[in-house]
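I have a structure I would like to understand better, so I am pasting it below and will then ask my questions one at a time.
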Amino acid sequence: MRHDLDPPRHDVRRLVEMALAEDLTPFGDLSATLLDPAQTCTAEFVPRAPGVIAGTRCVIETFAAVDPSIELEFAVGDGERVEARQVIATARGSFASVLTAERTALNFLSHLSGIATNAASWVDVAAGRVTVWDTRKTLPGYRSLQKAAVRAGGASNHRGNLSDWIMVKDNHLLGTTIAEAVAASRRNWPGRTVHVEADRRDQVDEACDAGADIILCDNFSPAELTDLVAHVDARCAAEGLRRPLLEASGGITFDTLDAYAGTGVDLLSSGSLTNAAPVLDIGLDVVPTA
Amino acid sequence: MRHDLDPPRHDVRRLVEMALAEDLTPFGDLSATLLDPAQTCTAEFVPRAPGVIAGTRCVIETFAAVDPSIELEFAVGDGERVEARQVIATARGSFASVLTAERTALNFLSHLSGIATNAASWVDVAAGRVTVWDTRKTLPGYRSLQKAAVRAGGASNHRGNLSDWIMVKDNHLLGTTIAEAVAASRRNWPGRTVHVEADRRDQVDEACDAGADIILCDNFSPAELTDLVAHVDARCAAEGLRRPLLEASGGITFDTLDAYAGTGVDLLSSGSLTNAAPVLDIGLDVVPTA
Amino acid sequence: MRHDLDPPRHDVRRLVEMALAEDLTPFGDLSATLLDPAQTCTAEFVPRAPGVIAGTRCVIETFAAVDPSIELEFAVGDGERVEARQVIATARGSFASVLTAERTALNFLSHLSGIATNAASWVDVAAGRVTVWDTRKTLPGYRSLQKAAVRAGGASNHRGNLSDWIMVKDNHLLGTTIAEAVAASRRNWPGRTVHVEADRRDQVDEACDAGADIILCDNFSPAELTDLVAHVDARCAAEGLRRPLLEASGGITFDTLDAYAGTGVDLLSSGSLTNAAPVLDIGLDVVPTA
Amino acid sequence: MRHDLDPPRHDVRRLVEMALAEDLTPFGDLSATLLDPAQTCTAEFVPRAPGVIAGTRCVIETFAAVDPSIELEFAVGDGERVEARQVIATARGSFASVLTAERTALNFLSHLSGIATNAASWVDVAAGRVTVWDTRKTLPGYRSLQKAAVRAGGASNHRGNLSDWIMVKDNHLLGTTIAEAVAASRRNWPGRTVHVEADRRDQVDEACDAGADIILCDNFSPAELTDLVAHVDARCAAEGLRRPLLEASGGITFDTLDAYAGTGVDLLSSGSLTNAAPVLDIGLDVVPTA
Amino acid sequence: MRHDLDPPRHDVRRLVEMALAEDLTPFGDLSATLLDPAQTCTAEFVPRAPGVIAGTRCVIETFAAVDPSIELEFAVGDGERVEARQVIATARGSFASVLTAERTALNFLSHLSGIATNAASWVDVAAGRVTVWDTRKTLPGYRSLQKAAVRAGGASNHRGNLSDWIMVKDNHLLGTTIAEAVAASRRNWPGRTVHVEADRRDQVDEACDAGADIILCDNFSPAELTDLVAHVDARCAAEGLRRPLLEASGGITFDTLDAYAGTGVDLLSSGSLTNAAPVLDIGLDVVPTA
Amino acid sequence: MRHDLDPPRHDVRRLVEMALAEDLTPFGDLSATLLDPAQTCTAEFVPRAPGVIAGTRCVIETFAAVDPSIELEFAVGDGERVEARQVIATARGSFASVLTAERTALNFLSHLSGIATNAASWVDVAAGRVTVWDTRKTLPGYRSLQKAAVRAGGASNHRGNLSDWIMVKDNHLLGTTIAEAVAASRRNWPGRTVHVEADRRDQVDEACDAGADIILCDNFSPAELTDLVAHVDARCAAEGLRRPLLEASGGITFDTLDAYAGTGVDLLSSGSLTNAAPVLDIGLDVVPTA
């Protein structure tokens, strides 16, 4: 089990608690009252399509909250690729409890595996030429879970939140300059990453001169980026400047990804990694035990 | 303002609180510290594509939590259609506060408006021939918000949760019959909807005989459904049975929707209403005030 | 153990946590500090009067929260009748911990068993002639626990909350008619129970014509109800209308219950099931172990 | 407004939040969607029987949480006696919001006013001869609210919780004596009330000698108590001991109250003050405004 | 294990949850991802200076929340004195988990042991001549934990909170007298400690006459207190008054403690017990296991 | 008002809620019931010693939670220096409410201003020669508040938590090298600060070669640091390496601060900034208004 792929437990537990409250209030699972309480079953989580798994921790906590006596065994962990119909995990125990937990567990698993699968498809296209980065375009309350799913897919996490590092966007430059903004950031938040958004080549130069750690090159075309990378490399070498990381961003889609990946930028970010990932279709195949 | 489109306030408030905690812990918005605290702005929420709006209540609570002094005026309410570039709402107040709240507000609004827009596109195709229903395939913690967005799009809400009404699925029939399961449901939960899943015509007949309120016809083709509706109509008339509502479900996609909508079933449900809705691209255009 | 009698775990856990916080803040159980920490005991939950048990899940969670090492064994489950002095459950473990948990556990158990016992006494009088229904007159925060206790007593649960199904009361008819209100409900909330309150026979007729699922006949006398049932039966048969469920409500007390039970109505509801149930007197008999 | 009758705000707010969550999840008030959102009303809280009011703070918080625009005016505060049909409070504002808040507000008000009314009836019988005390037999999560309602009825609050002061009951005397237990309490918790339970006269003497602040005289008859009071008075005077407060407890009911009240004890406690109080029947009379 | 030194579990758990959330949001422990997940270790909690231990319950809950598989064994319990370099506890298990939990566990343990150590140093100087009392000058949210640490150090707890007993300070005497305030307290809150603050000898006399349980003698010098004690003893004996407990307070520091301790007062309180206690320097010595 | 000094609102609100719950449960402020509810007052927050203010946001939230009708006016904001007896803020309103809120407000303000004052004294000694950094040695639950107080004192915030950036300590080097650990960090967490702890000069060299952003030089003496800085400067210049930030840490106290500040390191960190700061003595001077 790779623990770098786990979201913090408290975030998982809180969402599981919210999920069960919203699904079971006030009477519990009415349909489950039709079943013999002593009936047991075996149930397998099985994807209907190939993908990359994320969210197993949510499944574990969901079953633990519904019925701690259910045994849950994972054949596949977060970050692993699965084929369609390959068993991810097997649950054994109360038939009624498994049916009660089913939808909540699947809602987590299919959403987060969908993000992991989507991220992995970007990473596949990037093919090592560029690091694929997520954004803060995550669903409120799911930041840590969705970002863990991005890691499960092999992509990387951008800034975690507004408090994580400084991003100097155009709105932050009102009445100041890039140079001054970077200097103030270094002074006030020493040791912390300073990231500058640039829309034009002269702003990129200014950010290099200011010593930014990363420059977000916003809405440049692939051709412009190829030029820009060469320019920045040359200029930094010539002037003895540290070469900052260069990030491409702005309207990059899966379709244009390949073009951007070959431009020489270090990083490439897209909100669609998290906010446009289709769910991975996963089912729970339940078989009552005799 | 139509209050049937509002999710419960406590659900909205809790998610807003989680969102701001995850985006601002532990230091707040570092980049905002670059700004003059006295600087004000006007900011407009503007969609980049046409759609249907949902989630305005989340935007209101987000701004109220970040900075209650910001004035927020909505030109469009939940459930209304907007054109690309039509102003949805205008915020006026502290520049720093607006930038701090921006991403959280947009994450809610674009996700929920995406669901509303998606639902509306289904309703448009249905064109009054069938009621479009959502499912329990919602993101854990977002049940009430996503279902409100479905209503904003003009579609309808299926069962709210496991406690809402009884669904007799095949798993619930182990050691019993549809007739017995419906009778037990009526006895234990009088007055409550009893919904039966049927995979075959004989099960549909059995559910009619048992007096089910709704029959979910699972994985029938459009042609089979057209036949089935005629059969049920005739049989109920002949035998003096109340004609239950008939729901088509199982693998219906936007592409096959039109075919299903014309089969004569009353209702049609798909998880993709909520779990496959792309976000509506909405931006916040911020202009500092002099 | 019948799991249809369990309230949702999260509701139980939250109330147990609130109970222990309010009983132990800030210093814990001062009197328990007089005891030898190594002293153990056996303690039996024993009712002082006959009744029906509910709330065992609360007892379990209370002891688990105070001291998970206490062993707790139930001889009787929720929904079972007990004689005075019949042992319900036995706790074994730390003397100090048992005394600390005692009052909280008893406060839950005696309150909820009181409701179950009260409900059972109504069900006994009803004697199968009518279904006894609770109401929304429950203590805030205890909706699911009190309704589970009602089920433990053999009675049934009415609407769970305002979101569960539609009740068209006189206040909801301002500017509309029963027919229109029922039609709007069917349109907006398809598949969901529609319940209409009627004060007069013509309203009952109107509700039948509108296709209401249930009609609450408010403040009719037993004699009037007997007539009304015959009228509705005849009228629905004559006009080929589905016969709705008929509910008697309004000022029904345990004393008048018998008269109402024989009127032919299907259901009978009273707030006093939950808000006027005396506690079942239950004690904890603690014996230190040598 | 007497602020000694207010329960702590955080307790009230938390229960109101729980109440609205349980009554409105997940779709809100379905029936309210039948109403014109612009329709307003005037609504009066009116008791159907005479009583003493408690819980107004809960009503205030409920309306504030449902719809802050509703104006709420109280004619009567906590602790005041009302006649049947006397207006307690008037709400003005959105018709839909008032109907949504109605049941939650009434559930609080009728429960807590029931306790206040019950307490007042005990105080009336006591007629200044004895102080009427509550117990820890309160509903979990409602300790502070129910104890505030007891004060509203003119009775007094016993120990707030297990941490409040030391009660030496028979279970706490295993392997020790009253004298030692009181001494240990004084040593460990200086300045804090020490309360001793006594079943027999010799234990009462022992507790007096030990310097207990209060002696709970458990299960003494009124005649025995009259004797006991005289005995303690004489003995303390003779031996120069401080006369402790004497509390009668154990099976005292409203019917036997008068006999106990005249025995000369200082205090008299009964769990039935809180756990056997019938609700005060209060209704909300709603009139739409033209 | 002395359970009188444990703070309530719910307080500990809530702070542990807050601590881990603030230390691990949103990505978890980044540095721990550098480690082999299978690597185990042994880790010892070792003080760098002598002291008294408090907070072991927080350490237990922290490790349980981070990784329940870690084995934790305590050689020393709350309230015990340790030498520098004496092992307090040993943890065995996942290397990564131990490093993740380390700082949170140490932050609790060093803070609370610092308070216990500080309190013990006061108790040592008091040498049985006077009881050392804390105050309400505790860190918000830490009341029960800091007061438990004071007990671990051998000192005693003053009033737990504003609701615990009545303190009549000068601000409470506006428009009333000590005699009236004490009488009102006795009437409204029978059985509860009444504590009066006095700045002058005549106020002390007045409080004695009023029957106060404790008199806080504010800002008297040691010499004045010695006189005052003699005066009160004589006066109470002469007039047959119960001698109240006398508390010295106001600007007492560790340096002046010895002088105050010998004045004959019963109790002596200082905010510096809790709000000026230096942390006890404790480290975690971690050794990877082969 | 400088908003970079505000801790996140949700953290403040949660601690205020916890503080009031622990101080007012279950009966509220008993002593306040002695006061005339209509009595008003003016109250001034006045330090008894000079210092730097932090925590005003906590005072605002405390008063708002106790009684929103109290008017609170600040003459001094977070981060400002005050003289002894200089008025910080003035509250006007209900006498009873002010007394109830007093201790909670002061507990926050004196603790956080104590940290700000302590930090400022370090910054004064540093005199611009070195940046003073805090650590993660903060009280659990107070991370964001204590770190904001450090900023108010003019010092800077180190890593916010374990998730903020990577610190490679000796424990993280088991089975790997500094070079490999830095490379893995860059690969897995691109753009994020990588901080390496070094105990010896060769480790410092290795960290420079590996491209660490910051090197924590642990337990070097001032003389060693002076040498080290010269060495690193020379070596980086010679080899064309980026010169990392150099941090001194390990046992630095206020007494040795001056020596370390002149060594040429960029940063200097000490846990005592937060965990050994004495409270700033602040009182509330309350004057009833006629």
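Each chain carries a letter (A, B, C, D, E and F) given by its place in the written order, and its residues are counted from 1.
The criterion applied here is as follows: a residue touches a chain if its C-beta (ideal position, glycine included) is under 8 Å from a C-beta of that chain, and two chains touch if they have at least 3 such contacts.
The structure displayed is predicted, hence computed values, not measured ones.
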| item | value |
| --- | --- |
| Neighbouring chains shared between subunit C and subunit E, ordered by label | A, B, D, F |
| Same or different contact residues where subunit F meets its copy subunit B, judged by the half mark | different |
| Chain of greatest Cα-centre distance to subunit C | F |
| Of B-E and D-F, whichever chain pair has more C-beta contact pairs | D-F |
| Angular offset of subunit A relative to subunit F [C-alpha, multiple of 5 degrees] | 180 |
| Averaged-CA centre spacing for the pair subunit F and subunit E, given as whole angstrom | 24 |
| Between subunit B and subunit C, centroid-to-centroid distance (C-alpha), Å | 32 |
| Whole-Å gap between the CA centroids of subunit A and subunit D | 52 |
| Set of subunit F residues in contact with two or more other chains | 4, 22, 24-28, 32-33, 143-144, 157, 160-161, 163-165, 188-189, 192 |
| Chain contact graph, described as a line, ring, star, complete graph or other shape | complete |
| Touching residues (chain side subunit C, partner subunit D) in the complex | 14-16, 18-19, 22-36, 39, 58, 95, 99-100, 103-104, 106-108, 110-111, 136-144, 161-169, 171-172, 174-176, 181, 184-185, 188-189, 192, 275-276, 278-279, 286, 288 |
| Of subunit A, residues touching subunit F in the complex | 4, 131, 133, 156-160, 163-165, 188-193, 195, 213-214, 242, 245, 266-267 |
| Subunit D - residues contacting subunit F, complex | 1-4, 6-11, 143-144, 147-148, 157, 160-161 |
| Residues of subunit E touching subunit B in the complex | 22, 25-26 |
| Residue ranges of subunit A in contact with subunit C within the complex | 17, 20-21, 24-28, 32-33, 37, 65, 96 |
